[in-house]
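The same chain A turns up in both complexes below, where it pairs with chain B and then with chain C.
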Partner chain A sequence: MNARFKPGQRVRVREWYPPGHVRTPYYIRGKSGEIERVCGVFDNPERLAYAKADDPKTLYRVRFRQSDVWERAERPNDTIDVEIYEHWLEGT
Partner chain B sequence: MTSHPRGIHDLGGLPAGEIDRSEHQNDFWEQRVDALQRALGLLDPPLVRTDELRRAIEGIGAQAYDRMSYYERWITAITEVLMEKGVIAVDELGRKIAEIEAREQA
Partner chain C sequence: MSDRHPHHPEHHRPSTYHEKLTAAVLELLAEKNILSPAQITESIAVMDARGPHLGAKVVARAWTDAAFKQRLLADGSAACREMGIDVGTLKLVVVENTEQVHNVIVCTLCSCYPKMLLGIPPAWYKSKAYRSRTAREPRKVLAEFGLDVPGDVTVRVHDSTADMRYLVLPLRPRGTDGWTAAQLEQLVTRDAMIGVARAKEPAAV
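And now, the complex of A and B:
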């Protein structure tokens, strides 16, 4: 399975609010960061949550600047890493 | 903040008070719940996957979610998934709970 994004690439997290089980934290939706690494391919937890192991997806570790995540970041130059599945990411 | 639907469990960035960092021993019943979840997850195919457990925990009503402890949420969610799959029935569970309550009071 080919990874769509490469380490170092800028990405934006989709601003989706679907019902159901979702692993993308609310606070990170719509925020932009950089691919830190490709973690590998895993079954989509959104399907596993309903007992369906049928939808492999590439998982990435994405690095965000705190100042890009929070309006008033205590340490704006710190970063936060969040693991996000490919279908939640778009290129910028 | 926007007014998009947000899960009761999805707290990142919200004020939540102090975090209790003290170490504590788990009760025996909590260890049993943990073992039960692991055993159900090891079946092939798994009867209750971690992701199913999480989904069911997120589905617990907000008031109950806030009131429950960690493993109370787990056993509630395990029960929910097993009922969805027809492994146990509400009626069966109700009878068993009543039976145990009677035994405890005796």
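And now, the complex of A and C:
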């Protein structure tokens, strides 16, 4: 399975609110960051939650600047890294 | 209130819903020959045997063996296996503190934690306050733990949201030149490996 994004690439998390078991935190939806690393391919937890191991997805660690996530961040250059599956990411 | 003494929760107290549920599931597992009580006891013993002493061994080795440290940062799971530590199927990501960067770990969705190296997480790690505030205002949270991170040091929060588990490699304290890995292990605390504290100073042991 080829990873669509590469380390260092800018990405945006989809602003998407599907029902069910989702492992993309609310606070990061719609925010932009940079691919920190490609973690590998894992079963999509949105399907695993229903005992379906049938939808492998590439998982990334995406690094966000605190000031791109929060208004009035403590320090703009502090960061937060979040693990996000490929179908939640779009290029910028 | 006397029957609700906090240090004797089992004393004269009706079982909670979840305690009853646990007992019922255990009985069913045994009755249906899925798991025997002995197997369950054995699994609990395996879980109880895990603890911060394992993480401390990994950290002390990284502090004393530069080649191992490189392997640990490149692939945490493989480096732990090399030391004979069973990390299961989860992928371990080790993040290194430096003079310029301080790392801290949280799971905002639930309570993902490197149990294979640190054992059972502390209650505060699972609290809503820690989980929400560490993402939003990490410096304030760290200050409440007694850790003031200087303004010129970058704070990196790691939200453990999916299949990775994280361990902080703390900075090796000054004044420990020539210490053996076994001595250094004594300085490595659970909280230092979560990132809410520094490793202990040599004078502390």
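Operating definition for what follows: the second predicted complex is superposed on the first by the 92 of 92 C-alpha atoms of A that agree within 3 Å, B and C clash if a C-alpha of one lies under 4 Å from a C-alpha of the other, contacts with A are read in each partner's own complex, and residues count from 1 in each chain.
As a convention for this text, contacts are C-beta pairs under 8 Å (C-beta built on N, C-alpha and C of every residue); 3 or more make two chains touch, one makes a residue touch a chain.
Only a predicted model underlies this, so the values are computations on that prediction, with no experimental measurement involved.
A.B. asks: Tell me which of chain B and chain C touches more residues of chain A.
C.D. replies: Between chain B and chain C, the winner on chain A residue contacts is C.
A.B. asks: Between chain B (first) and chain C (second), which, if any, makes contact with A:Y27: first, second, both or neither?
C.D. replies: It touches chain B and chain C both.
A.B. asks: Of the two partner chains, chain B (first) and chain C (second), which one does A:W70 touch, if any: first, second, both, or neither?
C.D. replies: After superposition on chain A, A:W70 lies in contact with both partners, chain B and chain C.
A.B. asks: Contacts for A:G40 in the overlay, against chain B (first) and chain C (second): which applies, first, second, both or neither?
C.D. replies: The answer is second: A:G40 touches chain C but not chain B.
A.B. asks: For A:D78, select first, second, both or neither according to whether it touches chain B, chain C, the two together, or no partner.
C.D. replies: second
A.B. asks: Give one of first, second, both or neither to describe whether A:L59 is in contact with chain B, with chain C, with both, or with none.
C.D. replies: A:L59: touches chain C, not chain B.
A.B. asks: Determine, under the contact definition given at the top, whether A:L48 touches first (chain B), second (chain C), both, or neither.
C.D. replies: Only chain B; A:L48 stays clear of chain C.
A.B. asks: When the two structures are overlaid on chain A, which partner does A:Y17 contact: first (chain B), second (chain C), both, or neither?
C.D. replies: Only chain B; A:Y17 stays clear of chain C.
A.B. asks: Check chain A for residues that touch chain B in one structure and chain C in the other, and list them.
C.D. replies: 25, 27, 45, 70
A.B. asks: Using the touch definition from the top, list the residues of chain A that touch chain B in their complex.
C.D. replies: Residues in contact with chain B: 17, 19-22, 25-28, 45, 48-51, 53, 70.
A.B. asks: Going by the contact rule set out above, which residues of chain B touch chain A in the complex?
C.D. replies: Chain B residues touching chain A: 4-7, 10, 12-13, 45, 49-52, 54-55, 58, 85.
A.B. asks: Across the complex, what residues on chain C touch chain A?
C.D. replies: Residue list for chain C touching chain A: 91, 93, 108-109, 135-140, 151, 154-164.
A.B. asks: Per the contact definition, I'd like the list of chain A residues that touch chain C in the complex.
C.D. replies: 23-25, 27, 39-40, 42, 45, 59, 61, 70, 74-75, 77-85
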